[in-house]
Every structure is written in structure tokens, then in C-alpha cells.
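What follows is a group of structures, each given as C-alpha cells.
In the two complexes that follow, subunit A is the common piece, with subunit B as its partner first and subunit C second.
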Partner chain A sequence: MKLSVVKAYVLKELSEIVRSRLIIMVYLMPTMVLVLFGYGIRMEVTGARTLIIDYDQSHYSRLLIEKFAHSKYFTVQKELRLESEALDAIHRAQSDVVIIIPESFEKRLLHGQKIQIGVFVDTAFPMRGSTIESYVKGVVLNAASAIQERMLDRDAHTIAINQRTLFNQAMRDEDAIVPGLIGLVLLIAPAILAALLIVKEKEKGTIFNFYASALSKAEFIAAKLIPVFFLHSINIFILFLWATYWFDVPFRGSFWLYWIASELYLVISLSIGMLISIVTRTQIVAVVLTVIVTIIPGFLYSGILMPISSMVGFSRYEAHIFPVMYYNHILYDVFLVGEGLASAKTQLYLFILAFYGLFLMGLGSLILKKELR
Partner chain B sequence: MRVFWTVVARELVRFIRSWQLVLVVLYAFTMEVYIAGSGIELKPRNVAIGYVDESGGGLSQKLLHYFHEPEFLPPVAFHSQAALSQAVFDKEIILGLIFDEDFERTFRKNKHATLNVLLDATAASQAYTTLSYLSNIVLNFSDTAFSVELVTHKLFNENANNATFMALTELLSITTMLSVILTAVVFVKEKEDGTWDIMLLMPVDAKSIILAKSFSQVIIVMIGIVISVGFVVFGAFDTPIHGSFFAFLVLAFFYAFTGAGIGLFVAAVAKDVMQVAQLSVVIMLPLIFLSGAWTPIYAMHPWLQTLSLLSPLRYFIEGTESIFFRGTPVLELYPYFLGVFSVGSILYVIGFRKIGHLF
Partner chain C sequence: MRLVVRDVSVFHKNRLGIAHANFEANEGEIVGFIGADGAGKSSLIHAIAGVIACKGEIVFDNHTYRSCKEAEPLKARIGLMPQGIGLVLYDMLTVSEHLRFFADIHDLVQNEAFETYKTRLLQMAGLEKFQDRQAGKLSGGMMQKLSLICTLLHRPKLLLLDEPTTGVDPLSRIELWEILEEIRRSEGTICLISTAYMQEAAKMDKILLFDEQKIIAQGTSEALLQTVESLCYDPGTPCVEPCIKTLQTLYTLTPLASKSTQTPTLEALFFVNALKNDKTMPPIVLSDKEKSDFDGDVLMDAKGLTKRFGTFVANDNVDITLKKGEILGLLGANGAGKTTFIKMLLGLYPIDGGELRLLGKTIQTPQDRQALKASIGYVSQHFALYNDMSVQENLLYFASMRGLPSETAKERIKRYAQELGFENYLNALPPELPLGINQRFSLASALLHEPVILFLDEPTSGVDAIARAQFWELLKCLKEKWKIAILITTHYMSEAEFCDRVVLMRQGAKIADDTIEGFYAKHPQAHTFEEIFLEYFR
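Showing the complex of A and B:
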């Protein structure tokens, strides 16, 4: 490798990025995505819009309604008389759940008879729907069992749950989402930047400069990727600051591990973009392909939406093929768990990341052609 | 009019000639929608459970019977608490249950027994739901003579079928993405090649050229939507539609034009394809994620709620949900049409004006 040639090429690439104002995007995009999504994505269902129809109008039915009103998971809109009105509100997407308390609720409760409480849930959004359903169950069962116990004055066999929530004690959504978002951002932004570097030259015809020059394939790739690599390396720190200072995500692991893993991951996402750039012939194809290849698997296999251990069949294998899973494991470790390199799994994943990057780089210089097709 | 159709035909032919592009667009509208629909499950499914049983069986085993598929994987036994917590730390187990030695004894003695639970809360949404499942199971178990029963009716999507929902969401995101990028690139390519200025100087009406160029991309996106809905949403996932399919197509058409409007705007600002890529991602990601597809609007931060009123995708998604699941009659859909149409036409006019100027 002739360093002076590479250096000249790097300077040329760098000045191109700065001159075309792309540099603004390099730093604006990751920050914007992190802040917007950090605020915008909420997994917890709070304030489900609830309509309650109380046919009983008794002391105990009002007690139950109060339980709903006090829960942060429900916002009781109003108490209605008509079932049709309530169902209409659901149909117009103005309410999420309708709860119907039957006429003889109090009487039956006191006599220990069977009571049926009707619940209508909007499950057009399935996750939200089933979560609301299980919350309603929880509130009703809790309230009713408390009432019944007191009324019948008998000791029931009960089991209390002594729960120890690990890694995210307050179950804050920010803690669960923001580290995963870093993994997503550091995949999308560098890949999109790198995806156009080579194909742009192909479309404009300037690639012939490279074909005709003495530059080797490895030097060409190095020259293309080094400037973007350094520009994006700064983002690793910027994103870290946003996560810990703005979103107050705890950082329990070692910063060195975070840094090294992130740099390795950066190499991988740049290589993905570069591979796309080598394979495609026009810029538009490269853009669309990168967006498809990075954004969707980035979300799917990040562990934000669904733990990898819950995946079955094909999606489980696919999750192991994409690099996101390995990086995010380390990310969640350094932010929330703090085991660091003491864990054998983290060591293995760090090794896989390094290997992955090398493999993609090698593949790229292998399939890059230095001649006219 | 002749000019209009010639330009449309030219753009379509150019699109078809690039086989790579045709393949990528087809892939996006079919496989991508399919993968998202079959792959993402937001409900807890196959939650890995581990347990340590020091109570000697009986009650604890009975309790474990309640954790069944599809929500939970078969519980795995561990010898010690240390082994269990190591498994939780390695993300192999999400829910760890620890039955103490005197767990059963205290329960039998009419006292309150305590069940120790370790929960990995890094995937918060699963953690929430798993916890409420767990407490419902335990509550049910605690008192068998318990008499309150919930009769739940799931409206609109009876089986709470996630595949259908995710596939539709993905389709709408892809529609957004492609209508913006394809349109923007069609114009920016001309700008890059320097032919756009000449186009504007020609004695042909610039307006009809701009309209024709964006219309051609809308056609491509609409064909993609029809293929996707036909083969994936109806074909592979067998989604029921409760409302009017025609209304959905009209709504999608309006929306594709909105996307083209955003694309025009991007094209007017950007100088080359590189800038288009960066700009459109910056515009699209908030559009997609603030539309209510991932998080209900009312659960967002207040200023994001206000901001989401500007997202045309919000109206499109709510409208589509209403058409497919709620079966809302056509006449009651007007807020969604109005939303998509007004936001869309404003964006389109801005983009239209910006790109039509020579300087």
C-alpha cells in the first residue's frame, strides 16, 4: 500500500464531503433520529382511553371505576349509559376499551356468585390491544379480590410476587430503547453514506480514473472508507453523550468496551454500504437497497421490539446473520448490565464483530472489479 | 396532453430498463412486507423461562403448568440461583422464577407465600406484558373459588393477528419510502446531468413535464401497492377487509402523490443523489415513526403529538386501519381523506414551485 497515494485520495474524498455540505447530514441525522425516537417510541401502554358503562350504580361498582381512574394505564373518558354509544366511539377510533359492569355486580359479588364483566378492546393494533386486555384483567381481579377478601372475612391462599426487575429497574422506556437506537443509527447512517461512494463514480464515469490509475483495489477501498470512518467515529461519542446526559440512561460498563465495539460495528456498517456500492450500477438502486437492507433488519433484530431468545425458526437464524444482534448485546451490556468482558458471551460477540468486519472488507475487495465490464 | 403522456411513457420505460431497480422495488413490495409480517411479533411469544425449585415440587410444578405455549417456552430447570441469574445475564432466560424452600409450606398454612421473580427488562414491552401475564396466572391460582370473570371481545382484528397488522404497516412505510426516493431521484438525475435547466427552457410547458414525471412514479408505486396487497396481504396472510377496497386504493393514490410532493421538495433542495439519500432518510424516518404505526399517538410526548398532525402518513395509517379492520363506512372516512389530501397538496405545491424555477 502506497501511503502517499492513499493520503491524497483521502484528502480529495474529505474535501468533497465537506464541500457538498454532506458533513451537516453526517452529524445531524444520527442525533435527530436518536432524539426523535427516544421521545417518540413508547412500548408501555399508558393512558388507554377507557369508557365504562356502569349498569349497577352501586358502591362497589363505583369503587371499581375508581380503581381504573387511579391507574396510570387508563384514562377514563366518561361513564356512559348506552352500549351502542360506546361501541360507536371505538369504531371511530376515539376509545380503546369499553368496560361493562353488569346490573347485579354488587349483589353477586357479596354472595360470591359468578360475575361476568364485559370488555371490548380495539385490537386493530394487536400489541396494544392485548396489553390493554391484560391490564384490565389485572385491575379487575385485584380490585375484586380485595373487596371479596374483606367482605367474606376469610383468609385466602395467596401468593405474592416478589419481583426483581433486572437491568432496568424502573422499567423506563428510555433505558430500554435508547441503547438499541444507537445500534440502529450506527447501522443506517454510515451505510447510506458509504453506499454511494463508488456507484456515484460509476454513474458519472469518473470510475475510469481508478481503472486507469496505479491504485490497487485495497487502496481504493481504504481511501474511500477512511474519511467516512473518521467522520462517523465522532458520532460514537455524540450519541453516547445524548444517551447518558439527555436521556439519563445509566452507563454501568466500561467505556473502552463501548468504544472498541462501536468502532468495529462502524467498520461493518460501512462495509455493508460499500458492498452495495460495488454490486449496484445506479445510485437510485443503491439508495433503495441500503434503506431496505439496513432499516428493517436493524429494527427487527435489534432486540428493541423482541428478544432474540423469543424468536423461532427462520427469523432466529436471520437474527444471527445480521450484525445488529451482536452489537446490541454489547450495547445493552455496557449501558444496563455492566458485566463487560467478564462474560464469555460478550467476548465471543466482540470477536464475531471483528471477524464480521474483516470478512466484509475482504469480500468487498474480492468482488470489486478494476476493469471495464 | 401528448407531451404529458410521452413523458410518462418515457419515465416508465426508463424504469423498466433498469432491471436492478425493478427487482429491488418488487422485493420491497413483496418479500419485505412478508418478512415483516411473519417475523415481528410484539406480543410476548416464546418467552424463555427458567426456574429454581427448592420447595420440592407439588405446588411449584402446578404453577409452572400454567406457563404454556405460544406465550412461553417450556420452563427450564436450574440447580442454583447463581446458574439462573447467569442465564438471565446472558439473555438466554427472560423470566426467572425462584421457589423458596418454604414456599409450599407457607402457602398450605394459609399464609401469604412469596414467589421470587427475576425479570430481564431490557426488552421493556415484553417485560411489561410478561409481568402482567404472570400476575394474572398467580392471581388465578391463588383462589380457585374466585368468581369474577372477564368476557373479552376483541374488536376488528379478532385473533389479534399481528402478521396482518405488521404487514400493512410495513407496506405503508415502503410506500412512503419509495414514492419519496423514486420521485426525488428522477428529478435530481436530470439536475446532475444538467438536462433539467434545458428542460425548463424548452418551449414545452414546464408544469406538465413536472406533473408527468411525478405521475409516472406514482403509477409505479400504485402498481407495487396492488401487487403487495394482492399477493402478500390478501394472498399470504389472508387478511380480511371489512371496508371498501376501492376507498383504500383512492386513499393510497392520494398518499402516493403526497410522497411525490415530498420527493419534489427534496429534489428541489438537493444537488445530487447523495444529498437526496441523506435528506430523504432524515425526512422519512420521523414521518414513519411519528405516524402512530409503532406507538399510539396519544402515548407520545405532547409536542410530538402536535408534530404528528403534520405527518400525512398518520392519516393514511389511521384510514387504512379503519378500512381494513374497523370497516368504517366510506362516508365516515372523510377526516383521513381530508388529512392526506390537505397535507399532501400543500407539500406538492411547495415542491412543484421550487423545482419549477430555473434559479
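Showing the complex of A and C:
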């Protein structure tokens, strides 16, 4: 491999990327994806619109209502209405939850009798619905133990939960989503650019300069991938800054680990782009194919939406086939856990990433043909 | 240093590219590949350049190869310029950046000798003043010259140029040939050049004629012409079959008794070859049209038509009139504004300035146009046919688009199929048809509604000599029988001679407008129309 030849090609690519303004996309797209998705994906539910019908109007029923009113997860709307009217409000999507406190609520409580509270939850979105449902249960349990305490004197020994969360103490969505998004962005953006750079020459016809000259396959691949590698290496830092400064995601691990793992991951992404450019002929097909090949597994198997450990059967194998899972494990480690290379799993995953990159790169240079087809 | 090509065949997947090609070339020789699109020229050039695998063997500089891998060590000594204007150039790079890039990828030592050679090339190409201009902003001719000097930069001993002059303005074409002439003399380079222009054959040491994936003849221009000299006669000469008659010449296989005033051209070889293989195309007869004529003499009158794209003026104040029963040729290089002009006439582009009258009516609104659509026929540069519909279905579709009753349409399609000789292909799909048949049926689709004006945008480019000759015969027939007015663009100068009147265009402006006789009268020293054309470009 002659370095001067590669250098000439790399310089040409860089000046083309700058002059064609592709450079704007290189730096705008990752940031845009991070910001849009970082704000757009919300798992937790706050301020569910709650309609409470209190048929009892007693001291204890008001205590229960107060518990809902004081929770950040609920916004209590109106307290008196007909039952049918309340259900209608759910139908018209004006409320998310309807809670009905029956008559003689207090009386039965004081007599130690069983009481049933009516709860209606809108579960058109199952995830949101089940989240609200569990919040309601929590608030009711909380109120029940408070009431019990009052009735049986101060020192009653009921079960109290003393919970502590680890790694994401505030349970912020940003902390859970933004690192995963970095894994997604660094898979898509470099792959698209790498695919474009090779297919562009095929589409225009300048690929003949490669076919008809003494340029070797290795030189050509190096010339095409090196500029993308360097341009996107900068994105590794940019994305880091967005995550830690803009989204306030903590960073507890080693920056070196983050950096090296990201560069390895970049090589994988480039190789995917290269493989796609080998099988496609036009830029538009290359972009669409890259997006399909990277975004779908990037999203599904990154652990953003669903933890890999909870996957079963085929999807579990699939998750292990795509590289996203390994990189995202390291990402969550460096951002939230901070265990670093002390974890055997992280070591293994880093090794897998390196192997993955080498394998794809080797495959690409093997099937790239220096001949017209 | 010698190039020997032995029994070379190339396949693209399962499609045959070229079959059993044999030829030899010596140091400093220019070998010309002449033939229509798809005749196999590019396939052979690609095989010799080592960018596609082939069967048989190619020997260059005592090195034998047939696959791309085997050719690899030779690539430093081979230069390839593939087909397409500016194909190997990067639009965003400047002229000097191109030269540096090509020097670098060939790993050339950039010493003083190299600089001198580079400057010489730049001067030959007339590009030394444009070194800072980006390639995307050069004219087609300049792009081709830049591609050529980039290909010459590493001093290849074998130069392969695939249609370097197609679509290039005539002056640039001459300059390209001058560069080649000088390089082969000073460097002893073997040059293989393909072209669709028969006239360029005169500059070649040896000619290979391509037809339907075969080399049908080879030798020097004189020797080849000698073989057909006794087979070309004046069109009026009586002849027994087999023979082919065109507007200018009659070709036969057996020498006739009568005297011939013809000087044969290389095209004759294609006709003779067709005769030998019994591949004559079905003759054309045309019956009268059903609709009555438009009365009035001037069918189209454009005054000061202007079209701008941003700051670029594609058509600048063009005045052209078209009379009934007239074939008007619009000639110019690629990018001269021919297609833009036709698209304005058709209403495909809005007119930015000037006045257009069609069939005596001034065109101002789209409604004006709508009323005239039934009188206008159009065949575009790339025949706008649907490739997944059969010929019959395509024609029915065009007919119903024109609002023709389906009974009339069916009856006319049947008649045209007989008259224009594509009856056997009615159920075939357009991609399966020979280019010449495709062209006839495109024309038929434009004739279904019996227009009084016909606009044809480069209908003959890439089509072989025989189909072209017959196409012109058909146009002449249309003109005489239907009194139809035809506006046709072409870049074959030889075709200008078949037109009644010719308009020359250059950089969006009209530079000359006269009858053929008028042009020859103004330029008495010229022998061919090409020479006249050149006068206007100097």
C-alpha cells in the first residue's frame, strides 16, 4: 500500500465532502438525532389526568384524594361527577384515570370491613396504561398504610418500603436513553457516509479511475474509509458533550474506554457502509438500504426500548448478532455504572467489537471486485 | 510494443458483449472502432483495459491476460477514458487539482520533467487559463479534453478512448484529434478509439467495423472502401434483388452494368454486410392521412424565444420559423440549447421571453396549448415508451391519451405496423426490439393522431447506419405525402444534407439559418456539411 496514493485520494475525498456541503450533514445529523430522540422518547408518566369521584365525602376519603393530589404522577381534575360522565371523559380522551370512592368508605374502614375502590385506566397504549396502573396501586397502598397507622396508634408495625435506586438514582429518562442513542447514531451516520462515498463514484462513473489504474483494492478502501473515520471520530466527542452537558447524563467510567470502544464501533459501522456500497449501484438505494439495515436493529436491539435480557427465543439470538448490543453495554457502563474493564463482560464485549470490525472489514475487501459488472 | 487480440469474447452476465474479436495494433498506430450503440465497441475496449474478464486472450507488451487480475501489472501502462462526457472527472475539483490527483494515484514522480509534460498537455488542451475552474463548470468539449490529458498524464503506452468525441462541439473534436496525433507521434502510443462518426475514420490507420457484437470488417480506410466501390450506385439505377435503396445511394451485392457517380463511404460496408447476411429491413410505404390539412403556410413561428435557468441563459432570443412540408434541422453540440428549445415549443418548460405562434395562434396560456396538442407530435431523445408494456399496449395507451376512439386507434395501429414494418413485433416488449424498430414504433406513437407538426429530438443517435437511412426515408415520405412539418435535432452532420433548411445553434443562440443549397453557395470551398459547420465555430 503506497501511502502517498492513499493521501492523494483522501485529500480529494475531503475537499469533495467540504465543497459539496456534505460536511454539514456529517455533523448536523448525529446531533439532530440525539436531540430529537433525547427529548422525544419518554418512558415515565407524569401528571396523568385523574378524575376522582368521592361518594363518601369523609375525612378518610379526602385523605386518599390528597395522596393523589400530592403525587407528581397525577393531576387531579374534578372531584364530583356522575360515574357515567367520568367514563365518558375517558372515552373523549380528557382523562386517563377514573377513581371511584364508594359511599360508606370511612364507615367500613372503621369497622374493619373490606372496601373496594373502583379504578378505570385508559390502556390504549399498554405501556403507559400499565405504568399508570402501578402508580395508582402504589398511591392506594401508601394511603392504606397511613390510614392504618392513624387508626392503630403511631407505632404500628406495618411494612414500609425503604427503596434505593442504583445507577440512575433520579430515574431520569435522559440517563437511560441518551447513551443508547449514541450507539444508534454512531451506527447509522458513518455507515451512510461510507456507503455514499463509494457508490457516488459508481453512479457518476469515476469508479473507472479505480478500475483502470494500478490502484490496489486495499488502497482504494483505505482512501474511502479513512476520511469517514476521522470525520466521525470527532462526532464521538461531540456526542459525548451533548450527553453530559446538555442532557446532564452522569459519566462515571473511563473516558479512554468510551473512546476506544467508540472507535472500534466506528470501524464496524464503516464496514457495514462498505458492504452496502458493494451490492448497490445508486446513491439513493445505498442510503435507503443503510438506513434499513442500521436503524431497525439499532433501535430494537440496543436496549433502549427493551432490555436484551428480557428477550426470548429468536429475538435474543438476533440481538447477539448485531453489534449494537455490545457497544451499548459498554456505553451504559461508562455513563451510568463506571465498572470499566474490571468487568469480565465488558472485556469480552470489547473483544467482540474488535473481532466484529476486523471480520466485516475483511469480508468487504474480499468481495469488493476491481472489475466492471 | 504490440497489442494482439485473439478470439476475444465478452459476456455481461448472460448477454453477449462482443464475440470472437481478432486484431493487432503496432506502436504508434491509431485503430478506430466504428459502429452503432450496442455493437460491441465498449465491451472490447473494457476487456483490453482489463476492467472486465473475457474469453480468448489479449497480449500486450508480451504479457498475456484475460482476467482483470492478470491485467493488473499492465495497468500502469494503460490509459482508459470510458464513454460519457466528463465521466471520470470529479465535478467539485478544479482542473489543476485533477492533474495532481491523477498524478498521485498513478504514483508519478513529480519532478521538473513531469511539470514540463503537464504544462505541455495543458497547453495542447487549451486549458492553462482555466486551471482554477471546477470541472463541473467546464463545457462538454473542455471536459473531454481534460479527461484526455488526465488519461495521458502517466504516459500510457496503450490508450483506450471510448467515444471521446460523441456530443462534443466540432472545434473541440478537432483539438482532441490534434492532441492524439501529437501524442502518438512523440510517445509511440497505441491508440484505440471508438466513434459513431464515420467521418473520423480518415484520421485512423486502421478501422474495425462493428455490427451486432461482431467485427464485420477491418483494414485501412482506403482498402475497405475499395471493397464496396463497385457495389454503390445512384438511387435511380434499376436493380434486381437483393438491394437496399436509401435517399442517396443504392447498394447491391452484384455489380451492375450502369455507371456510378457515387464515392462510397464507410457506411456502405454496413449496408453490404446487411445484404450479405440477408438482414434487410422491411420497406416503408405510407398511405394518405385521414384528417384534412391545416391551411396556412407557416406552422410554427418563434420570435425571440428566451429561456433562463437561474443566471444561465439556455436559449437567447431565438427566432425560428417552420413552414408546411419542410424538414428543419436543428444542429449544435451538446448543451447548445436544442432540447431546451423543443421543450419550450412543447410547453414542457415555461417561456421566459419572446413570442411563440403555433398553427397561426399565439400561445399564451396552457389552454391555448391544450387546443393544439392534437396537431403536434413529439418523439423525445430517449424514446418515452413504457418498457413493461408490449408495443401494441404502448400504442393503445398513447392513442387513448390523445383521445382517439379505440376503434380508430386499433385500425391505425394495425396499418402503421404493416406500413412501418413492425408487424411481427406488436406483442414484444420495447427492450427486446432492435433499436431501429424501436425508433419506428416511437415515431408511430407520435403519428397516431395524425399531427401536422412533428418535433423529433435526436431520434437517430446511437442507431445503426441502415436504420438511420430508412428513418430518413420515412421522414421524407411523411413530408411528401402528409405535408407534415418536421423539426429535427441531430448531431450527425451528414444528416443535415437530408434537411430542407438548417439552423445552427451555439451556446443558446442561433448563429445561422439557411437552406442546404444556401449554405453550400455561401461556402463554395466546402465539400461536406461538416466543413461548413466548422466555419461557424472558428
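Note that in this section the second predicted complex is superposed on the first by the 359 of 373 C-alpha atoms of A that agree within 3 Å, B and C clash if a C-alpha of one lies under 4 Å from a C-alpha of the other, contacts with A are read in each partner's own complex, and residues count from 1 in each chain.
Criterion: a contact is a pair of C-beta atoms (placed from the backbone, for glycine too) under 8 Å apart; a residue touches a chain by one contact, two chains touch by 3 or more.
Small disclaimer: the values here were computed from a predicted structure and weren't measured.
In the superposed pair of complexes, A:Ser20 makes contact with subunit B and with subunit C alike.
Looking at the shared chain after the overlay, A:His320 reaches neither subunit B nor subunit C. In the superposition on chain A, no contact is made by A:Lys67 with either subunit B or subunit C. In the superposition on chain A, A:Lys12 contacts subunit C only, with no contact to subunit B. A count of residues in subunit A touched by subunit B and by subunit C gives the higher number to B.
Judged by the touch definition given at the top, the superposed model places A:Gly118 against subunit B, while subunit C stays out of reach. In the superposition on chain A, A:Arg252 makes contact with neither subunit B nor subunit C. Once the two complexes are laid over each other on the shared chain, residue contacts for A:Lys217 go to neither subunit B nor subunit C.
When both complexes are overlaid on chain A, the residue A:Ser343 reaches subunit B alone and has no touch with subunit C.
In the superposition on chain A, A:Leu300 makes contact with subunit B only, while subunit C stays out of contact range.
Common to the subunit B-facing and subunit C-facing surfaces of subunit A are residues 20, 204.
The touching residues of subunit C, counted against subunit A in their complex, run 12, 46, 49-53, 68, 72, 75-76, 78-80, 82, 84, 87-90, 92-93, 97, 100-102, 104-107, 134. In the complex of the two chains, the subunit A residues touching subunit B come out as 20-22, 25, 28-29, 32-33, 36-37, 39-47, 49, 90-93, 108-109, 112-131, 133-138, 140-142, 144-145, 148, 155-169, 171-173, 175-177, 188, 192-193, 195-196, 200, 203-204, 280-285, 287-292, 295-296, 300, 303-312, 314-315, 318, 329, 332, 336-337, 339, 343, 345. Note for the complex: subunit B touches subunit A at residues 18, 20-21, 24-25, 27-28, 32, 35-36, 38-48, 63, 88-94, 107-108, 110, 112-129, 131-136, 138-143, 145-158, 160-162, 165, 170, 177-178, 181-182, 185, 189, 192, 271-282, 285-286, 289-290, 294-296, 298-301, 304, 318, 321-322, 324-326, 328, 332. In the complex of the two chains, the subunit A residues touching subunit C come out as 2, 4-5, 7-9, 12, 15-16, 19-20, 204-206, 208-209, 211-215, 369-373.
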